[in-house]
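Chain naming follows the written order as A, B, C, D, E and F, and within any one chain the residues start at number 1.
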Amino acid sequence: MSSRPDGRAADQLRPITITRNWQAYAEGSALIEFGDTKVLCAASVTEGVPRWRRGSGLGWVTAEYSMLPRATLTRNDRESVRGKIGGRTHEISRLIGRSLRAAVDLSALGENSVAIDCDVLQADGGTRTAAITGAYVALADAVSWLDKRGSLAKKTPLINSVSAVSVGVIDGEPRLDLMYEEDVRAETDMNVVVTGNGEFVEVQGTAEGVPFRRDELDALLDLAVAGCVELAGHQHKALGG
Amino acid sequence: MSSRPDGRAADQLRPITITRNWQAYAEGSALIEFGDTKVLCAASVTEGVPRWRRGSGLGWVTAEYSMLPRATLTRNDRESVRGKIGGRTHEISRLIGRSLRAAVDLSALGENSVAIDCDVLQADGGTRTAAITGAYVALADAVSWLDKRGSLAKKTPLINSVSAVSVGVIDGEPRLDLMYEEDVRAETDMNVVVTGNGEFVEVQGTAEGVPFRRDELDALLDLAVAGCVELAGHQHKALGG
Amino acid sequence: MSSRPDGRAADQLRPITITRNWQAYAEGSALIEFGDTKVLCAASVTEGVPRWRRGSGLGWVTAEYSMLPRATLTRNDRESVRGKIGGRTHEISRLIGRSLRAAVDLSALGENSVAIDCDVLQADGGTRTAAITGAYVALADAVSWLDKRGSLAKKTPLINSVSAVSVGVIDGEPRLDLMYEEDVRAETDMNVVVTGNGEFVEVQGTAEGVPFRRDELDALLDLAVAGCVELAGHQHKALGG
Amino acid sequence: MSSRPDGRAADQLRPITITRNWQAYAEGSALIEFGDTKVLCAASVTEGVPRWRRGSGLGWVTAEYSMLPRATLTRNDRESVRGKIGGRTHEISRLIGRSLRAAVDLSALGENSVAIDCDVLQADGGTRTAAITGAYVALADAVSWLDKRGSLAKKTPLINSVSAVSVGVIDGEPRLDLMYEEDVRAETDMNVVVTGNGEFVEVQGTAEGVPFRRDELDALLDLAVAGCVELAGHQHKALGG
Amino acid sequence: MSSRPDGRAADQLRPITITRNWQAYAEGSALIEFGDTKVLCAASVTEGVPRWRRGSGLGWVTAEYSMLPRATLTRNDRESVRGKIGGRTHEISRLIGRSLRAAVDLSALGENSVAIDCDVLQADGGTRTAAITGAYVALADAVSWLDKRGSLAKKTPLINSVSAVSVGVIDGEPRLDLMYEEDVRAETDMNVVVTGNGEFVEVQGTAEGVPFRRDELDALLDLAVAGCVELAGHQHKALGG
Amino acid sequence: MSSRPDGRAADQLRPITITRNWQAYAEGSALIEFGDTKVLCAASVTEGVPRWRRGSGLGWVTAEYSMLPRATLTRNDRESVRGKIGGRTHEISRLIGRSLRAAVDLSALGENSVAIDCDVLQADGGTRTAAITGAYVALADAVSWLDKRGSLAKKTPLINSVSAVSVGVIDGEPRLDLMYEEDVRAETDMNVVVTGNGEFVEVQGTAEGVPFRRDELDALLDLAVAGCVELAGHQHKALGG
């Protein structure tokens, strides 16, 4: 069995740090670190919902993912300078938004909107899963903020916690929480979003080159669920639970 | 158990039609129909590869997905008029491209590029999976075209066939090949891309509202693999096999 | 006198086919073929008119023209990918819209809008004139749809039928309905839009290289009017007349 | 017979002024006035031609038309601020470019490019025809500039002069050179581009509302040819002929 | 001491010409010339203010700066064609707007907006300062126009006149009103906006290469204030004062 | 005399912190804090220079400024989402770039480029001046990195240090280093960029409402120079001097 670049066991997460309230002005914020991956998540509350949703009594939660130009080994051009958002950015923003909405009873939220910005300050693999995991913490604080103001339609909009982790097969071995060096070598790469009680919100598996078998898929899902349980613990602790 | 809008069994595909060479000028083309869903797939070959790939000896395969404004029940604005491509379009184009590349030995393709355009002429659910399934047929003909011109680096670039199908849970029942009316009601929605020998290229499952359990996931994967085997038969037949 | 690539007489149209209701969801649609040129026309009705027209009691009719990337011999980039619509596309869309509005009494239409999408699936010359001719059929069905719903302000919004054809001078010979191979060689190229009773809606003649004389212009107008009379017959028949 | 707003006869041009060399830096320039319509035309020469034309031995001539925001009665937003060029602007720029190319033997021009900017400083109808007429003067001076530098492939690239004028039917009366107040009321509106020896380069006639008969078309063409002969005289005089 | 390209003294302005009411339709307009630099300034009045300002009782003044493609020695691409406005254009437009707002008591203006377009027809250095100086004249006429219509909230919205001039250090010598040839050689370049009674609205000094000392800064400010006093005289005279 | 929101003296900076090498991958980076204002500056080196500069033997230094959506009290839309960069962002990016180039002997840099990204993570006024001050530290480290690789044309490209600070008049009192609450109330606002030996690189003063007198300008310049001397000390210390 091959050893990992940072000496971790195949089923071991990187060191996880969640710094709550990193930004002074947001209604909820967290700087989350999965090893050298650092994502700043900020939740912004606005009264009201988009036009197409008005009068429904339901709230709305969205996310925007972005990466600083020099979060990575070599510099990437800004999407604002290129004048359009790339396909990868769109795809990840949509994934984060869907995942967070699975955590929320939108009727309890009332006609309020929460926008979560996930800005990757440093990228060493797993940025989208770190973003989801950190965004949940920011969202939870934004919901508390609404609660304190008496703006919720019902008491408990948060029906699940959600966290996410990447898993993959490298040199035939299923591994948890890939760092960048592993990610580029993975034969199969999967991002899994799991609720606090171990059910699935999203499963996105991709063969990089060689298609994967059902037994590999099963092993990866096992790893991911175990990793997300651990991440849920970190979220709980960060939120003072 | 609830019955389906068109009376199909839960594990039954809609009528599948593949009209090969629908367009006169493309190096490969197919009009594929999954019931009322109609997608026109056209493969365009160009010599050479994008700049970042030159000198690698490897070919390249990409896809672009789009929908006519009135493919759907109500008209959608053109992305060319809005001046930018939406997140959903980007995401599907990337999925189709990745799926097709899993069918190809890019070193056998040589430094040639194949661009597959998948234009949805009519949409009744499952457009992305129909697009992948039809695009494979167009791709196979484009590869034959290259072969006849003696432009391949090695004889057999096509190492797998790929097809795709949607599956979902509606009223608690796992179903194969969702039509639009089912798609909007699905609790869980999954698109699965499978090779001709039953291995996975992509698994993309999303909880719409309620998270899903491992046993539901397993049932959906079983349905999808069986459906894709059937689709591989249609592809084989269309290609004169 | 030189012979035409497909053996037609100088004053002969290509085979014309109009398949009414090709798309299932549009309020009116037609797939029109001028030989190998195939254009899908779909009419979409919306209640109300653009802001600048509100309260006028008048309806509005617009058109958008587009071409699939591989409608042509070599692939063209999508305008949605380039992020802007080219000058040629704009110009043709405006021409189609103006031509259709000449067919309609906008006060009888009431404050309803009809948007006609003309998507070229295959292009062998004369795409804009085929689009106008097919769009009229889609428009007529959309008007009937409004009539059945009781949404018209007066009974007969259709005051003219309109059809269009290209004419040109090749090797000194005036010819009707140019195919692509002729179009690129034409010394003079003219698109003419004519009502069902032989009056002009648009005349757009361009010298490609050598300016043209008044007698050449007259000969081309004669050809075009005769061709449009024949096209009006095809429209009438397609509409069940 | 109805009288015109400025008391002109139906076949009379507005006062025409051409100020040659209005801009100090362009290789050719002219401020042209058709009554209150003022267009500044500037010709810029660059060595070489666009990539798709290299090695052909042929030159290239293009034009760009634009209007200052307050050239008109009410202010229009800048196209640079809106971030895209409107359909009308594209269409007119293409018309001017085609018209000028009809004046030039591109093989005599050699692989040089001339770009003509036509900026409307004040607009009282007929801006596109004034632009063509003025642009010819700027083009002629740019060709002389190339000649003096010894950069032409053959001696006489200018094979025709071109000028343009609008004509239209107002209250049933065919009129020459419409001012804005007439233009908005015209039943039929036609822009005609004519060479110095009275042949046609472009004929663009549009029914505004009511289709037009062949005899009306003929009367408008007669007016336009006579008007362009007069404009050719103004061009000749401005160029010191 | 080095002599200037046009023989002026170091503290001398170029010949200044202000042609009031150059455009027929604007509520105020002026063609201003600083030597060979020519800028057309047009003020457009609209009732009401931008949404974020409504109900404030305050008016609004903005400016847009642009340059014709061939205002300069070599042609520049149009920003409308490039599809976006460059940083320099934005910066100058904002500067002109701020400078003009310093001339106006926005509460006296009432909820009216004045947009000033400054289009550079010919550029020989100092275009932004000429634009500010000319824009003030157009603004003053637009304010009079509002006054005559009885649309002002109070009688005297114009509390200052503003004019602007560039100064710079060339070969160690501080000079007033740089022409292009001097501008490119300047070690330090400063644009100064001054009110009619000699107070500062904007001071923008930039070291081009070598940082500048406090005594150089002081000398430049002295020159600029003297120049602006002279420009204020030209404005006063143009406005019939 | 009015007291400041945080109790500082009028000539006192906020607490300044510079964390060198905050980002792991950039050739130079610094997180700079002016009180609650936090800007992350990252320098990226690339071999070669933009096309227009090739063969000159000179290097190039640019900067891009941006703000996270929730750096501020209320959320701002991303410029990447809006599809274009605002005027303010352009203006600040250009200012930072010019300021840094004043620090560098570009001939000593050789044909290498340094791009400095300044991303505002939290904004409490003075973000552009904090960005310049922090960017210098990142630039210095990028130059050392080039030196260690032997890529410099001459030994000492850094000829000056540069730092920047805002000053302004609030309630008639000139103050150093304005925080947001002061910035919005300032009558005059000035950003000053100063070299390590007290000479000026940029002076940008703006009257907000009331024009300012020469003696006020002088007082602000005195404050700014003193503040920048102190900032130069912080830079020196951060760089291990």
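Going forward, a contact is a pair of C-beta atoms (placed from the backbone, for glycine too) under 8 Å apart; a residue touches a chain by one contact, two chains touch by 3 or more.
Keep in mind the model is a prediction, meaning the values are calculated, not measured.
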item: Magnitude of the superposing rotation for chain A and chain E (Cα, nearest 5°); value: 120
item: Interface composition of copies chain B and chain C: same or different, split at half; value: same
item: Intercentroid distance (Cα basis), chain D paired with chain C, Å; value: 28
item: Inter-centroid spacing, chain F versus chain A (mean Cα positions, whole Å); value: 33
item: Separation of chain D from chain F, taking each centre as the mean of its C-alpha atoms, in whole Å; value: 51
item: Set of chain D residues in contact with two or more other chains; value: 83-85
item: Chains listed in ring sequence, where chain B comes first and chain C follows it; value: B, C, D, E, F, A
item: Sites on chain F touched by chain A in the complex; value: 23-26, 29, 36, 40, 42, 44, 46, 64, 66, 68-75, 78-81, 83-85, 89, 115, 117, 119, 121-122
item: Residue ranges of chain A touching chain B (in the complex, touch as defined); value: 84-88, 90-91, 93-94, 98, 102, 160, 190, 195, 199-207, 209, 211-214, 217, 221
